[in-house]
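We call the chains A, B, C and D, going by the order they appear; numbering starts again at 1 in every chain.
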Amino acid sequence: MVVGMTMETFLQQLINGLSLGSLYALIAIGYTMVYGILRLINFAHGDIFMMAAYFTYFGIAVFFLPWYVTFIITIGLTILLGVTIERVAYRPLRDAPKTSLLISAIGVSFLLENVATYLFSGKPQAFPEFPLLTTPFFIGGLSIQPVSIVIPIVAFILMSALLFMINKTKLGMAMRAVAVDYDTAKLMGIKINGVISSTFAIGSALAAVGAILWCMKYPSVLPLMGVVPGLKCFIAAVIGGIGNVKGAVLGGLILGFSEVLMVAFFPALTGYRDAIAFVILIIILLFLPNGLLGKKQVEKV
Amino acid sequence: MNETQNSLGAYLKLHWKTAVFLVVLLIGIGLADIFVDSYMRRLLNLCAIYVIVSLAMNLVNGFTGQFSLGQAGFMAIGAYTVAIFTVPVESRTAIFYLEPMAPFLANIQLPFVVALILGGLASVVVAFFIGSPCLRLRGDYLAIATLGFSEIIRIVFTNTQSITNGALGIKSIPTISSLWWTYGTALLIIIATILLVYSSYGRAFKSIREDEIAAEAMGVGLFKTKMTSFLIGAFFTGIGGGLFAALLGTVDPKQFYFTLTYNFLLIIVLGGMGSISGTIIASFLVTLGQEALRFLDEPMAFGLDLPIFRPGLRMVVFSFLLMIIVLFYRKGLMGTNELTWDFMAQKFQSIKKKLSRKKTSTEGGGK
Amino acid sequence: MSLLRTENVIMQFGGVVAVNDLNINIKKGELAALIGPNGAGKTTAFNVITGVYTPTSGKVLFTPTDKSGTATEIDITGKKPDKITALGVARTFQNIRLFKELSVLENVQVATHLNTDYSFLSAILRTPKARKGEAQAKADCEFLLERLGLIDLRNEKASSLPYGQQRHLEIARALATKPQLLLLDEPAAGMNPQETDELTDLIFKLKTDFDLTIFMIEHHMDLVMEISDHIYVLDFGCTIAKGTPDEVQNNPKVIEAYLGVDADVED
Amino acid sequence: MKKPLSVLLSLALVVTMAAGCSSGTTTTSSGDSDVIKIGVFEPLTGANAAGGELEVEGVELANKLRPEVLGKKVELVIADNKSDKAEATTAAARLIEKDKVVAILGSWGSSLSIAAGDVVKTNQIPAVALSATNPQVTAGNDYYFRVCFLDPFQGTVMANYASKKLNAKKVAIIQEVSNDYSVGLAKFFTDSFVKLTGDPNAIVATGNYNTGDQDFNGILTNIKAANPDAIFAPGNFTESALIIKQARALGITAPFIGGDTWETNEFITVGGADVEGAVMSTFFDDTNPLTEAGKTFVAEYKKAYPDRENIAAVTALGYDGYMMTLDAIERAGSADPVAIRDALAATKDFEGATGMITIDANGDATKNEAIIKTVKDGKFTYMDSVTID
């Protein structure tokens, strides 16, 4: 059911899809990195994202810090949170069965949500406005918020930086080694704990950047705001091939565009929008179990 | 095979403790059914439903080692089947007041038991479609895919107005209040699970949990066996969902948000992944515990106006407990053990030994 | 008559060729051995035969004899491991893969699952057929445990057994699948000479008593030379020699590639 | 082999234990004490927490003003239903069985009230819904009453407003498809608006979203293309505020209209400048109380919460619910639940803060007046009151 879709409307939808997809991509990278190294679905990632949004909210709206100071503090605190979670909830279980680790991740997610509800109440908080970034400008009938352009740019820059780090630096090499073979990497004298902590630090920092940009575009902060983006971004990471940074970005974009375009072309189905991510997930898993850019994994016998 | 073992008499001789126990249990339920008030009755009913659903989850997650998070979705299917088919025809126009019920359903009303079983079967059918792609995949993908499916089910139920009444949900479902419905079903399902787990099929489930590659090399078909366990689990969960709908008298999609599954996860982790008795105990502990911890949400706990006691604290404490169990008591209450007579006798012996040893050691210290 | 044949089997992982052009032919009733230095691709060959890996190219052919006594050759290339086991190929694992949390008896019982002829519903309802099947399976398993000297340990957890007995249990478990071909992956690994001798005897006896054909990877050369009818030598994935123990022992390629380089492997 | 059946031991143990402790608790509270307990059944955590808290404020304020009836102290027992139906039925049962309340007030969120409906009905304890506007709350239930108007009425009010005041010919609807309130209101609005305009295609676009969604650009871009004269978007305040924000960013200038749930501070704090001019129907206006009781309520509220800028309508309804129930207890002359029910059903011209309340045969308050408010300078401002017969 397409009601006279004009070129303008279509272009507008593409812009919508690009900025949403880039946000998904930013968060998906964090999932992919942790999964690549620990083979763990970090269920708490969406909630780390949520906490980052609260940190920013408190910095600007409650403590009246300048935005740049707040951003730095937010990223710092989020890194601390992510690394602490790994330290407390994942590290002790590293040699335990996979299931225990997964349950622990779910537990952390559940705990963060409940703590946030308890501390900050279930009411939404208004995220401070950044008029410079949110006041739209118009090209013809197209409305574009500057933040919608900033998001893909930031996502692209961070992805490139990350790829450089992974491929060219010593830490990146260590990460790749741990990802390929945990035990051998250990024997090679790589400091596993350090590498894993760094991974969580980077993943959390990306979640923080994602949260700041997300809230600029969707300015309300809620304890459960991380749940749905968290799930969707994990799916984005799987679509692209989990463990692969470029794949996460690709997956994020695919997901963002599919959601928006489904709404655009099938307005009657908008109620099913949240289901689309899962439908794509199942299709991908059926036909490309390793995602679009993922490598086949062989189990050792 | 020894012929006498087949006779009832011989069986009773061998398991007389269990038989006596069963009789006591039935009398206990009967007494409870007569004497408890409706609040307690509701809680006890909820406990039994949690036993059913948790047991189903443990069959898949604990015994077969397949990490599935689709409980909420399967419950929703069972619950909606019961709701749709048992709501009295005459009150349907009032309930479906935004959009009338689809004509092919509008005049079908089934007895509760039929609807309940139909709900279980419906969730088996859905489970088959979910399982076909997912059970071939690596374990952690199953978790996310089942979670996803459970969300899809909820979203579909929200949007199919003429069948499920969408967000309005269905009310006026004839309710059950007697404990016999839930406890009777729970008992049947517990017994079925025990018999299954201690059969060749149960051992095949466990072998997959222990080592997929070895299991396959021993002739255990991975996909088929996982699927069997998954479908049985879905059936039980659907039944649990149906009872849930009949207990509450109303269903709507929001009840089946995926966080509902976390309740059951907590139960099986607490009770021990792969322990039937652990699951049963934990179901009661968690359900009754959630009620008992209500004071945490009340500002006036202990007669003190402490600001830390306010709504939300209960869930914080609860999720904190889950973390503690996962981190420090990874095996839960029972591990993979069962509370059998032998097990209890052993425990009793070891405690006795410990006590007597302590005694002697203190005596020794006194000299 | 050949029981197991492979035709030009190649197994490649990315750029690494783990098994290159493997051609073996194991006759019914014989005891064949697969030897070669570490990393030669022996276990990979086993994994290809048992279906854990699908070979990059080539064929695996198995000729089981059914109940009526007729033997048919079946292409088992790329079949699922459980299907291959059901046809009559059983195996043990080099790095012991027991079901650790299950009891000794249960470990063996799992292997009888493929012969269950009743559904899970009859198992739940404990129908006479299911009861009979269960009892029969249990009796079979206990018999096997008796044969492997594990009967007194039947209720212990598998993980609590000492190493040597775990290896025995692996064999018992494999036998419970009622195989025609038994693949043993280093059954004597980690055993002292006396245990190895006992194991040699045991393997020999089992072979006759259960009418087995055995294909075995082994590093203990004494054992291999003593009981094998046929030996295949693998190096870097290639078959460098095959023949009777005498022929292989005197093959210069083998001496150079294997015995010569790594002489202390015999210990 | 072990004796697996003996696993069942645990089950019996706990059943008997539970049965034991339950019989212990029920005997403790006796019927003829000198307090009358009234249950307050509200979501204090979860998605509906904000609304629940506002209603509790109203009930507590009323309790402070009138703490006694029939010479006995009235004690409020507050139960959190966690915005969750399963919890709701347990919480309601707990209020009745354990706390021995004689009447129940609440809950914010029609579906939670509906869930509790069977419990109050079978236990014969009267309940008064405060702001639950869904017809299903009282339908077929002799024990549920309410002090607010119903969704069909509210939908008609807003359709009239759109058609007559805004002169809208074409309207777009954005509904929260997972929220019964939103879906219902959208439907009643549609029916009424189509009837008013006589144009079956008067609704030019419909967008659905789910609770918790944050991105509405896709739906809004479609709506922008349909170019409506007004947009009706009943739903949760959080999502609604975001919808309006994103609409304005997309360059949509059509006015937004909605229902009573918008009237919360969060709607304004989240929506900021963009929700200026948004119009909604509601139950009560603190600057123009319709009755004497309304004036008293406003004065007392300002005394109790001097720093609050405005008073939510649901708080006034909480106040009314409590006062009406106490009035019924007084008229019944006893704290017997069934007598209270009968007295509630016979309520006629009770002067509440939100207007005169008469309970009709369905148990609903017959109110024919709604208040229309708009957001002006960051405040909910009285615009109009609409009477429909």
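Note that contacts are C-beta pairs under 8 Å (C-beta built on N, C-alpha and C of every residue); 3 or more make two chains touch, one makes a residue touch a chain.
Chain by chain, the UniProt names read as follows: B = Leucine/isoleucine/valine transporter permease subunit; C = ABC transporter ATP-binding protein; D = ABC transporter substrate-binding protein.
Everything numeric here is computed off the predicted structure, so don't read it as measured data.
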Pair of chains with maximal C-beta contact number: B-D
Most distant chain from chain D by Cα centroid: C
Separation of chain A from chain B, taking each centre as the mean of its C-alpha atoms, in whole Å: 33
Centroid distance [mean C-alpha coordinates] between chain D and chain A, Å: 36
Separation of mean Cα positions, chain C and chain A [Å, integer]: 47
Computed distance of Cα centres, chain D from chain C, in Å: 71
Two or more partner chains touched - positions in chain B: 155, 158-159, 195, 213, 312, 315
In chain D, residues with contacts to at least two other chains: 45, 49, 177, 208, 210
Residues of chain C engaged with two or more neighbouring chains: 52, 93
In the complex, chain B residues that touch chain C: 1, 6, 192, 195-196, 199-204, 206-207, 209-211, 213-222, 228, 232, 274, 336
Contact set on chain D toward chain B in their complex: 1-12, 14-16, 18-19, 22-23, 25-26, 44-45, 49, 78, 80, 84-86, 89-90, 93-94, 96-98, 111, 114-115, 117-119, 122-123, 134-136, 139-140, 176-180, 182-184, 187, 208, 210-211
Residues on chain D engaged by chain A in the complex (per definition of touch): 45-47, 49-50, 177, 205-210, 212-215, 217-219, 221-222, 224-226, 237-238, 241-242, 245-246, 249-251, 266, 269-270, 272
Chain B - residues contacting chain D, complex: 14-15, 17-18, 21-22, 24-25, 28-29, 31-32, 35-40, 42-44, 46-47, 51, 91, 94-95, 97-98, 155, 158-159, 166-169, 171-172, 175, 177, 183, 186-187, 190-191, 194-195, 197-198, 244, 247-255, 276-277, 280-281, 284, 288, 291, 294, 297-298, 311-312, 315, 338-344
In the complex with chain D, residue positions of chain A that touch it: 3-6, 8-9, 12-13, 16-17, 20, 117, 121-126, 129, 134, 136, 138, 141, 143, 145, 214, 217-220, 222, 224-225, 227-228, 259-260, 262-264, 267-268, 270-271, 273-274
